[in-house]
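Per-chain numbering from 1; labels A, B, C, D and E assigned in written order.
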Amino acid sequence: MVDIAFGPEPGRRPDLSDPRAAYLDLLRRKRMYGGVLLVLFVGLMASGWILANDRNAGGFWNGLPMLGAFPSEVLSEAWANRANLPGRLVEFFPSLIETINIAAVSTLLGALGAVMLSLLATRGLARWPRAIPLFRRLMDTFRAVPEIVIALVLIFILGGGPVPAVIAIAVHTTGALGKLFSEVAENADLKPVEGLTSVGASWGQRMLLGVIPQVAPNWISYALLRFEINVRASAILGFVGSGGIGHDLKLAMQWGQGRYDQVVAIFLLLFVTIVLIDRLSDRARARLVKGA
Amino acid sequence: MLEVKAVTRMFGAKAAVDSVSFTIDHPGFVGIIGRSGAGKSTFLRMMNRLIDATSGEIRVDGRNVLALRGAEARAWQSQCAMIFQQFNLVPRMDVASNVLHGILNRRSTLQTMFNLWPRADILRALDILDRLGIAEQAPKRAEALSGGQQQRVAIARALMQDPRIILADEPIASLDPMNAQVVMDTLKRINTEDGRMVIANLHTLDTARRYCDRVIGMRDGRIVFDGTPDQLSTGVARDIYGADETFNEAATSTAIPADTTADRTYADIMLS
Amino acid sequence: MTAVSHAPSLAETVTRSFDRRRRLALAVPALILAYLLYAAVSFDLAGLAARARMDNAAILLADFWSHKTHVTRDNRSGALTVAIEGEAKGTYAPDHFPDWVSVADGITTIDLGQGHVVTYDATGARYDIPGYGVVDVHPVGGKPVVTLPPGPVPDWISVAENKVSVTTDAGRFSYSRSKVETFRYEPGWEQFFFTLDSPFYGRGPLELARLALVGDRVDPARSNIAGMVSDFWHNKMWHHGDVVWALFETVLMAFLGTMGAALIALPLGFLAASNMMPVRLVRFAFRRVFDFIRGVDGLIWTIVLSRAFGPGPMTGALAILITDTGSFGKLFSEALENIDEKQVEGIRSTGAGRLQRARFGVIPQVTPVLLSQVLYYLESNTRSATVIGAIVGGGIGLLLTQAIITQKDWEEVAYYMVLIVLMVMAMDSLSGWLRRRLIKGDAGGKS
Amino acid sequence: QEITGFNLGILGGENAQDRLTSNECYRKKIEEALGVPVKVFTPADYDGVIQGLLGGTLDMAWLGASGYAKIYLTDPEAVEVKLTKQNADGSTGYYSIGFARADSGITSIDDAKGKVFAFAEPNSTSGYLVPAAELTEKYGDLKTYFKDVKFSGGHEQTIVGVANGDFDAGVSWADGLGNWEDGYNSGAFRKAADAGLVDMNNLVEIWRSTLIPEGPMVVRKALPQDVKDKVTQLTADLWESDKDCAYAVAAGEAKDFIPVTHDAYLGVLAARKLQEAQ
Amino acid sequence: MLEVKAVTRMFGAKAAVDSVSFTIDHPGFVGIIGRSGAGKSTFLRMMNRLIDATSGEIRVDGRNVLALRGAEARAWQSQCAMIFQQFNLVPRMDVASNVLHGILNRRSTLQTMFNLWPRADILRALDILDRLGIAEQAPKRAEALSGGQQQRVAIARALMQDPRIILADEPIASLDPMNAQVVMDTLKRINTEDGRMVIANLHTLDTARRYCDRVIGMRDGRIVFDGTPDQLSTGVARDIYGADETFNEAATSTAIPADTTADRTYADIMLS
């Protein structure tokens, strides 16, 4: 890592009068930094794992042989009841659709929010340049609050169901996409924008015509990636009692023995969906970004 | 009709444009020359209100355009077209749309969003492109065009604005000599045929001599020369460019060389 | 100059393409709108509006930044307690009631502010409400009998056979057979710094500073500063010390998981990249393994691992490690497929071996991409670790979910939320700083 | 055989940190008795503790009745029950209580026929498992007996939902001691009433289940016998030896920890089996 | 010393190099010319064993290097350095490290993995850089250098290999005339001073004429000319390039124009 970690030193200028000594000196320092860094990293990792292992109920080595215990329990029961499986798949399909809807709506809303926030928070594009730090902090905050926190609070107010999940994920998506969007927008070519300014276009027109066509492929690609993440997230939020297939999974999982066929059915649905969306969005993104 | 009074623009402690004043009373072809960093671009950009002036006034028909704010400033921009060295088109949109952008100021954002251009406007854009000899490029994306063609699209956009004044910031600096000539000829034609005032920043003396009715020389933000092209002697040029005895005018020349045979042959071989 | 001057077909083509784009421009928002409408219907948005409990929201919001103090008299024993949030550890000593509660000759007077005064005495209890009158309750045969000012009973007073309760802006009052209670709401997180049993409770910042620097020892056994630190750290209400540990545990899980995953995924990424692994079958197998690992979510891994390793931070770290091995495997192999072959060729032309080519031709150019991905995940895993922590019984996530589920310590929820946000922001800036420091300006991994 | 450490699992229901703090004295006592380090774990949901016991990484825990049933059904050899909590009145359980709005005119399950009935959530012992089993036994299929059977999502939501009229009737839990208007001495009603979410005067009790046993203290079967004995003995004596600590471990007022056997949970096991069949 | 016998390389049905044979018996400066796609790169890459030949032999001191496998092939590569048009350095590593890559083959994998080179090697790398006049660039990242400097680093890497033969695949095609000259001069110096054989693919006739002792002309994978630079008449060149009567040799020229005053003056003005 030495070579990459510390490139040309920004601080001390090498002594040009004797390049050889300068280089050897630099090399010494680089090696030292690199060594320190390596030792630090290895030390942190080792002590971290030891600490975590110490504070765990079961140790790593004792647990390792048990790794298959739970899956085999689930699978063997599901196998015994395999006749139920097709019926279960049909039974949980509506929940799956709900989960996908939650993800899609929240991605859509989040992306719309992110478009606005990112444009407002990007240097050179912002409507109110002085408010940039404000919008940035706003995005940071949106991003920092875990979905589950917002969902738990909203469930208290709105009751269970998909809406708390949608809001929670949308808020987080706004923050996460907002940051990525604004990074893309920051690299956008400002010449078209300037051209549009010179004809007297309003801010909205400048963004619509000058910025969005440039950044759209990258933005859509990020949004697709996010959609995939959000399908997962909405499944997880089911665990805390928002609707969708995650909720069914939680119920079946908590019940345990006796409903493992449901667990497997739900899991299959979820897994296939996630992999499918993953592949599709991969394709679409490759085409958007490379094919443009 | 155009009166510039002590216009100044500071960047930090440095005056990029330093108390510039001049008056233009008929729609001629005005060239601004001066070496890099003289403040030419800054001046044009202030005039188009792309940046704000630090002090001073620019009066057009008696109205100080530097004092306009918000929608009024944008309305002024729509009357005062600007052409850039790098064309500043929207590269991913088609040529016709780029030309139509000239009338954005007269359309709302919502209209823009839904692409609601009246048929009459589209036809006018095509007419303008036709006039500039690039009508058949209309459906192509702007980025697919050559530099010279792109600059002509930019001029078409300017014409679409139906402006009183066209500002051109080194319109031919990124073009090869052949295209440069086409673009300058086009600007000149607009100037004489339509009677629109053209103010162009130029890098090179010979272009200024060839096309301008009036030449303003800038150095370090100040006007150091203001006169007709004939008055532009080598001595004056040395003053403007701050060069010493070794000054060689050819250094700034972008004229098309007479003999291009070698180039052509090479091209032929490469393409064969 | 008219439209005829150029070929009509051109004008046609162009206007038609404008029409097409216009239709598209209208269709896309219309489609989005239609989908959102469908979603609104399927999510039963209308029903939700009816179900929404705005009063819950009000309680929550109020609790976020305020606390309530219970003044309770047991009607059977006559014992009076004043306790913050009604909790044992927030109970005031009988000789140290707050100044708005006064006890004299068996009469308790509670001043709720704004002229609202509640009195408990031997005959019952009275609530004097300015602008309304006195609500007087006295037990008859064990049941509360209430006397109200004339007029209809306002809806903020509830009178029933066995219980009377009054809710006003100033506080809440309730009388039942067994006890009479008054709740006074005050802003602020009470006892945030020191609990009631600490000698430093209720002192202003200036006084504390004076005590810390020059004052006499409040507790002769320890210096004031040590006392303050210890009382704060071991605050029985807020458990600051444990909260800090919980934060650390969360970051630890994220760090171990992410870095461990990166170390494992790096070699595996080579095995899944088409330009590094010539054997198609191996490549394919690894890709599917990555897909599988990612497809099974982290939470499910957590449950699977819980059986083997039991609750604890290592289980959480391992869950993150496994999930991220899948993500990193995919990302790394993609990064490897996008490398510039020229550099590898240059190294190859010197006669370097396979490993050397990887070390000098490949690693230097993918490092920025990988590093930037890893750091990005480190930040996002801090958030995941919050959730995973709740399941494996560790970290700030556990504290948070528990506080939310018990539904009464909303001020703690607010406190934890603030801490989580600050923690994630700190990790975000740290990873951003590291990215800049280690990668030096060049655009690393996008996506 | 020897053990090198002892892990204690505690279920949710209270603030995690408070749980740790209140069990600290207990932890110390076990540590003294066994002479090995003792660690306490407080996962947020049942499953963490249950998986720990099944996997053998936790050695002992206080469970809910339903949680015990789940472990037993998964692996009867995993744990054995030792003790349970005896309430102040000598009882060793609590009740699932059916209720409705006072002004609805419903005073019994018979009145609630053809109305909307709410349970808490499918995995709750007192909020679904036991009442559903008992009601089904008496009134037949509940989905046809009631107009609609809903899951509110939790005890608190059931109570609030019934009070608001979203459901006509529902079930939640209480210890059944003390006064109805206070929401009894402890339980979901008491919490809701204390938090000011409902006024108990607006609600009436319409049904009461048989006693649901308090959760047991279980130890891992595979532990050495003397370890099991020591820990059990220590806990059984806790109320006598250290009342404050016992209070903290019981998470409230109680009388004693008394021995209990697997048989006490046969009812819950049966209820679970019944549900499973559905 | 070098004997090429009927070397052929097929890409699909197409022969990129078609039964090429020639012999070189003293370490001279050999230029291979030919138009794009003639098979020049393919031949050099086969020689360096970057790609495998379809058939034929290349004997160096009697040993057929095309038949070497595994470690032996790598050992051969280390004796036969290659310089690329695009330099093919590791841009993120410093210049000295890049030069040290030249001896990767002679150090064990383990030794090199952590980039910890022996002091003697480092000093030698610095000496080589010094010889090529870029010693003071040693600590910089390769990507921070200009094209000409990067190519000199590539040459330094080649020298670090201490090779008997240096292969250079259009070493100056991506360089401007000034840098091209420096690089070619360097190669020539290595050739004459160290007595290492240099085989360079060249795009342009005049470079070949100026630097080579011997010129091989390729067309469509076959050798169509093999002789001294003097024998390279315009007619022969036409044959090699497959051009017709209009062939103008200047088309392939990258020589530095004799008169650069205008450029210099311009540069002075710009910099002043």
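Some observations on this one:
Keep this in mind: a residue touches a chain if its C-beta (ideal position, glycine included) is under 8 Å from a C-beta of that chain, and two chains touch if they have at least 3 such contacts.
Molecules present, by chain and UniProt name: A, C = Phosphonate ABC transporter, permease protein PhnE; B, E = Phosphonate ABC transporter ATP-binding protein.
Quick caveat: nothing in here was measured; it's all calculated off a predicted structure.
If you lay the C-alpha trace of chain B over that of chain E, the rotation comes to 175 degrees, to the nearest 5. When C-beta pairs in contact are tallied for every pair of chains, the largest tally goes to A-C. With every chain reduced to the mean of its CA atoms, the largest distance from chain C is reached by E.
Chain nearest the geometric middle of the protein is A, using mean C-alpha positions. Work out the mean CA point of chain B and of chain E, and you get 47 Å between them. Note: centroid distance chain D to chain E, computed from Cα atoms, is 82 Å. Separation between the centroids of chain C and chain E, computed from CA atoms only, is 62 Å. Those residues of chain E in touch with two or more other chains are numbered 92-93. Residue numbers of chain D whose C-beta contacts span two or more other chains: 7, 9, 41, 45, 47, 51-52, 54-55, 57-58.
The set of chain A residues that touch two or more partner chains comprises 3-4, 7, 55-58, 63, 66, 69-70, 159, 253.
Against chain C, the residues of chain A that register as touching in their complex are 1, 3-5, 7, 41, 44-45, 48-49, 51-53, 55-60, 63-64, 66-67, 69-71, 98, 101, 104-105, 108, 140-141, 143-146, 148-149, 152-153, 156-159, 161-163, 166, 183-184, 187, 218, 221-222, 225, 232, 235-236, 239-240, 253, 267, 270-271, 274-275, 278, 285, 289. Residues of chain D touching chain A in their complex: 7, 9, 39, 41, 45-47, 50-52, 54-58, 70, 73-74, 121-123, 153-154, 157, 272, 276. Interface of chain E with chain A (complex): residues 92-94, 96-97, 114-116, 119, 122-123, 126, 129-130, 135-136, 138-141, 144.
Interface residues of chain C, counted against chain E in their complex, comprise 342-343, 345-353, 355-356, 359-361, 364-365, 367-368. Listing the residues of chain C that touch chain D in their complex gives 51, 53, 56, 59, 86, 158, 160-163, 165, 167, 172, 176-179, 183, 236, 239, 242-243, 303, 306-312, 390-393, 397-399, 401-403, 405-409, 412.
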